[in-house]
Amino acid sequence: MAEIHEECGVFGVYHVENAAMLEYYGLHSLQHRGQESSGIAVSDGETINSYKGKGLTVDVFQKEKLSAMKGNTAIGHVRYSTAGGQEAENIQPIVSKGHNGCLAVSHNGQIDNDVELRLELENHGAIFQGTGDSEVILHQIQYERGTLLERITQAARKLDGAFSFLVMDEDRIYAVRDRYGIRPLSYAPCRQGYVISSETCAFEVMGIYESYDLKPGEIVEFSKDIVKHYQYTNDISHHMCAMEYIYFARPDSVVEGKNVHTFRKESGAVLARKDQDLHADIVVGVPDSSLSAAIGYAEESGLPFETGLFKNRYVGRTFIQPTQAMRDQSVRMKLSPVESVVSGKSVVMIDDSIVRGTTSRRIVQLLKSAGAKEVHVRIASPVFAYPCFYGVDTSTRAELIGARLNVEEICDYIKADSLRYLEVEDMREVAGQIGLCLACFDGKYVTNLYTHGKELED
Amino acid sequence: MAEIHEECGVFGVYHVENAAMLEYYGLHSLQHRGQESSGIAVSDGETINSYKGKGLTVDVFQKEKLSAMKGNTAIGHVRYSTAGGQEAENIQPIVSKGHNGCLAVSHNGQIDNDVELRLELENHGAIFQGTGDSEVILHQIQYERGTLLERITQAARKLDGAFSFLVMDEDRIYAVRDRYGIRPLSYAPCRQGYVISSETCAFEVMGIYESYDLKPGEIVEFSKDIVKHYQYTNDISHHMCAMEYIYFARPDSVVEGKNVHTFRKESGAVLARKDQDLHADIVVGVPDSSLSAAIGYAEESGLPFETGLFKNRYVGRTFIQPTQAMRDQSVRMKLSPVESVVSGKSVVMIDDSIVRGTTSRRIVQLLKSAGAKEVHVRIASPVFAYPCFYGVDTSTRAELIGARLNVEEICDYIKADSLRYLEVEDMREVAGQIGLCLACFDGKYVTNLYTHGKELED
Amino acid sequence: MAEIHEECGVFGVYHVENAAMLEYYGLHSLQHRGQESSGIAVSDGETINSYKGKGLTVDVFQKEKLSAMKGNTAIGHVRYSTAGGQEAENIQPIVSKGHNGCLAVSHNGQIDNDVELRLELENHGAIFQGTGDSEVILHQIQYERGTLLERITQAARKLDGAFSFLVMDEDRIYAVRDRYGIRPLSYAPCRQGYVISSETCAFEVMGIYESYDLKPGEIVEFSKDIVKHYQYTNDISHHMCAMEYIYFARPDSVVEGKNVHTFRKESGAVLARKDQDLHADIVVGVPDSSLSAAIGYAEESGLPFETGLFKNRYVGRTFIQPTQAMRDQSVRMKLSPVESVVSGKSVVMIDDSIVRGTTSRRIVQLLKSAGAKEVHVRIASPVFAYPCFYGVDTSTRAELIGARLNVEEICDYIKADSLRYLEVEDMREVAGQIGLCLACFDGKYVTNLYTHGKELED
Amino acid sequence: MAEIHEECGVFGVYHVENAAMLEYYGLHSLQHRGQESSGIAVSDGETINSYKGKGLTVDVFQKEKLSAMKGNTAIGHVRYSTAGGQEAENIQPIVSKGHNGCLAVSHNGQIDNDVELRLELENHGAIFQGTGDSEVILHQIQYERGTLLERITQAARKLDGAFSFLVMDEDRIYAVRDRYGIRPLSYAPCRQGYVISSETCAFEVMGIYESYDLKPGEIVEFSKDIVKHYQYTNDISHHMCAMEYIYFARPDSVVEGKNVHTFRKESGAVLARKDQDLHADIVVGVPDSSLSAAIGYAEESGLPFETGLFKNRYVGRTFIQPTQAMRDQSVRMKLSPVESVVSGKSVVMIDDSIVRGTTSRRIVQLLKSAGAKEVHVRIASPVFAYPCFYGVDTSTRAELIGARLNVEEICDYIKADSLRYLEVEDMREVAGQIGLCLACFDGKYVTNLYTHGKELED
């Protein structure tokens, strides 16, 4: 129910005819990673043209606009922006138009030493027009000396944090991933060229089922129709963001070799195995992101999986918020309980996470108002107790209910009959060989947080 | 996948403060019944004001607009219009502003003797500004003599076809249902008054779980805060549109006492029982309308229910259709196969119906391209072989693959490994005591089709 | 400064290829007669299609829309609507879609016995969806019996008031003018067919300089490529609305044989001849409608005509009204005094009329704040003291400053150094042989006002 | 008729409460200097917020948007952009957000050594996101060292060309004008602070009639509520753009102490004095910019000034261009001849300039088609034969009819009965003590044209 937000998705097209159109399809498939703005930069081999706007990819780009963007290489971006940074200047890709050529950058993640780098760059005369990280990446690359590869290499070594970014000049694309491997980034052969994406679901949409992940600390160069791999650092680790599996990624994506739907089903199954003694009638998932876990729980427990909550798809561009008196109705407009299904039943309600607790509380109430006898809440992730500094827009620590209350207290607050989370160890078990960043659950951040660390004290 | 279209939903509010706002919530809950236009007419006891526009309810109505619509009685409408009738004149409710008062009409269904009635009314001097049925209803009521109740009674006796309509004057609402009971129409107490709706899901959204269906041939009068029932004819039958259960209605609605999700699950279970000999690995429903049936099939068969197809929710206002070369991509933009789930598997694919066959064919192909070993298509309804004349926008008979080919031939056409439909008798079994209109499956129309009968010869 | 509003303009195209496009040009030339909505109905010989919308003609109609409107006969309408009647239902042309054919009506003027006719028609079963006069015309025509010409003839005889309307069926256009000749209506040969217009400026825009006025009480039939004239009554008079000359009509139009710019210049000259003793420095007209009169005054008096007031053309769709504190600025945003021109000068300020007096008062103040030594206001029309019931949207009588105060008092109110109006006799002198309706000046209404007469008592 | 375009207008507000609202009024008054985009940057003393968009000021800024822009210091910009540079990145003001504070720049004019400066700045690591001059100004200021005043001083010395720009930080505004005095820039006391504007008409709109021009080579600092003047160079000259008087500026503006309307009237009078032998009947100005000159001509010659051409004000956002067959109509849609006025007359047609000749040719033809016996074209400026490099968007030299043909040939081309221009010396006479840049007439450019000089060889 929209309490956690991924900040971005990137998509690149190297050497495929009519790149802008393919870019459009790619961004559309990554739309769940950001709905506030969309942008595409296309190179025709001589110069780079870009177009960006607020809104969904399908609304920003009209046919005439796309047709006018000639070229066979492109990068693009979809963005969710936090309250403070909705200025047009922050919409990506960011393009620099220099005398010796153009550069475009699309970025997903969060640079943790951005303030430090910005200061240094400004001391060297840099001018920043927006407030986003990506402008820092672009300036840092420009500031370095040597070939473009050398400049990107130097810049990547200085950047600390979670980042997966694409750099395009007139005839090359460089894909770069941070040394911790926090944000996903994959590429795949496509016709005579390549496509690069934050998530593999964009490849599947194009009928491409074979793809490769960038390694942590890697730069991949797409140039002269071949692919070259460079390791800008060997000081690497594997800390894929657990939230990608739990919440952000599309169920049809494969992240680090593991399908997201499958991950969620297995999480649900683990929850079920801990509920041997629970006597319930049906399993209900909170749509959409918790359905896979609910299916997994149902399968493992043998309880029927039921559509006990219905989500209204017709959201529109504006939606009138009801007055205080009608407040309860506001939730119901998006989510309504199916009385025939839940009435008189003891319900296992599966959700992916609890942020502030208010939404969970309302859903429990919805189910009870529709006649559910009991509501046992099961969360397919551990207690969310620490803010993310790696590209996820969460509440401040003070707002996280998991940071203030223990499980029993949370259960009381949301008025559930029982409440259980996955343990951090359960997450690792489901992940198997895949290394995860679990900082939002255990507070073990993989980077020095620089100036951002202050927020932890809130 | 949007090949069949319901033509409308109606919603009424009698004697509830701030009726326009409640109407807005009601129409939003019926949005699945029509997305092309929305309209609301409100009475403040002295006059009727209306506002209508093209698009979703949440886009047509802004806060200022709704706040300006004072009054505690309202009727509204959401509409899907067929190609030929998108004129603004056809947007409902239709309001007449007479010297002795106003009348507003919202209608869901199709009048079969509309041409005959129109001719007669024109001979009496009537002027029609639009092409829709509802204007015929309004004129017929106006043409009759006596009290409003008498005029509605006379008019209802002359109208033949499927209709559920609301008539509002300055201080009353009349709800009317055809003698065959084809289209649903229910009402429920709400605070100090009543709400009336095409589907009960709109009640549940308001936290109301107790509601009543109008009987075939009934007029219900909401007036002076009481409800009166009149039977305008005793020549009635029970022929609830089977498609409401199969496709149109929201799974959280209760139609004629039976929950829609449950109906679909049971349909899926019947399909499963006929597949005792089938050796498959997983069950996949085509989202969204076939998920309930797929869950039912999975439960009955013991096979795992899997999310093998993913539907992209970000549709936007315009969507660029790809060129012929990229045509396959167009389907993928809306629906993509989850390779990790289906690869190497023998898949039971559940869909609600087959209209032209082209969409089914593409989905089978999608699953196979993602590595499905076998695809067994199961349709949770009988062979769709006859056009509907009761308010459903279907293809002409010539376009219905079920009218031209037998099941084996259809299976060949969609390239499935096997294909099975429900039988008409299965539908009746699931429906139990509920009488169904199954004309689109068996060609047994419940009305004389008048001039519309010609289309059957196409 | 937008205190008086014409209510409409009509334009017809008979038998000219691509009629919709020509209609578009015609309506654009009549845009000064109404900016709130625009509509076009086109006949292709078999049926009538229409499209209408709120806003300027150039904004309502896009190229695709016009191209899709095939046919060589069309009627259209631009509308200014009063506050109470902005509903979409009132946008013209109004089209009826009957079994025996379609009819479209475009109307400019005001029917004074509309309430009486409406009642009678309703008693015969008519349903009115809007509140405008034009629907009454359409119904009255439909109600009569006989050929279309006979029905229009009967209807025209019953309608009382000011009207110039067009009726189109699949292959004919009828142009009809009231018996008093209050509203203008002209036609002209155009290529192989004809064009019909509220004002001749639309012809001139098409390069057509020869045109004919309909006579009072006349019906002109455009059919089978010929023009036939019928006099539906011989009880006629000549009362062309004086406001057409003074304010509404474009200066390049010819009304009843007299060019509007010339009429205004002569009015200005008459004013000058009465000011023999006035010692002033410059003549300044309030843009745009008073410029012609100012030029006439300057020429006659020998004083220099100066651009002492500048009108900002960039109005935009919305304009933020300033707070009380900035209120004075609001007028200045639209109209600003040219200090270099007026400073230290004794100014003759020419305006076309005074309605409430507030605008005149503000303009006098503007000129003085820019240094004008004296401001002598001269109004190129008589004292406006009576409301119009013939299609002009004026204030109620209570708001007309001319109904409450005498000239001296008005002069005091607007803080002018002197004030002079034209006399009613002066208007007649300028008009020469042309009969005028001067009811808003002398209260001599040419029709029985029916129920509308009550407003005179306000 | 829109063949020459000014590129910008700037407006600043220093220390006036609710600066954004005053800025809005200021920009609206400068809208004639640019209609493609509008932007406002406001400082609240701590930080700078900006909002910009495509379109008219009144369309870009809604009430909520303006109300949200708190602060008492602001700069703004209206922009006409040439074809190649409509990107959102070029909309001004341009704002840099640095760690030590923000800077905003609004600029009107053209930097001639922009390519040279850009190259140098890029070599020092600067990144340019747009293609406009203003980004060069901002970077150059940022690149210099010292206090902000020192940095602006150094930068202004390096910039060559025509420029009037404003620089705002959190609590100061600097206004800067080029050493040649080509573009206008004035300021005036306003309540407790100051307003700064490209044209004085914006002051008059605020009721302010006393203002001061910046001197060539001057920087004016608005800070701590006082005004300080600095001369960044003493190597100055006076070359006010003649086109400001002839075409761009509003008639109610005062440029270098001379009112624009008066300048134009005097130009018209000079033309009249040369036509002693011409026997004509009436004087007609091409609206709007040539009306003042026509009034001057009429006054001097004693011929009547007539409204022989009417301009349609209802332009709308989009306008359908007619097909080749209807091409003539396209001109008429905007401008139509008043047949009653011109028929049978020998007309003196006054226009401000001839660029390509096609528009003049069409207007002559319009007048003749409406019956004008003779059309004598008089141009209130010298032959336009050289492109402008100081902020005016003209055709390339090849397109300027004055660069290819002599006056007699131009007269033939536009099919006038006679044609006369003002001489360069006449312009100087009218200007009196005011030094003018007449480069577009005599080719005497006041700057080294750097790389732009190449265009002269086209």
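Every chain is named by a letter (A, B, C and D) in the order it is written, and numbering of its residues begins at 1.
The rule we apply is simple: contacts are C-beta pairs under 8 Å (C-beta built on N, C-alpha and C of every residue); 3 or more make two chains touch, one makes a residue touch a chain.
On a predicted model such as this, the values are computed, not experimentally measured, just so you know.
The fewest steps needed to get from chain B to chain D, moving only between touching chains, is 2.
Of all the chains, the one whose CA centre sits at the greatest distance from that of chain B is D.
Remark: chain B and chain C have CA centroids separated by 48 Å (rounded to whole angstrom). Per-chain CA centroids place chain C at a distance of 36 Å from chain D.
Measuring from the averaged C-alpha position of chain A to that of chain C gives a distance of 60 Å. Chain contacts: chain B has no residue touching two or more partner chains.
Of all possible chain pairs, those that touch are A-B, A-D, B-C, C-D. The touching residues of chain C, counted against chain D in their complex, run 21, 24-25, 28-29, 31-32, 35, 55-59, 61-63, 66, 201, 204-207, 209, 250-252, 254, 259, 261-262, 288, 291-292, 295, 299, 304-307, 310, 312-320, 322, 326, 328-329, 332-333, 336-341, 343, 369-371. Across the complex, chain C meets chain B through its residues 50, 52, 87-89, 94-100, 115, 118-119, 122, 124-131, 138-139, 142-143.
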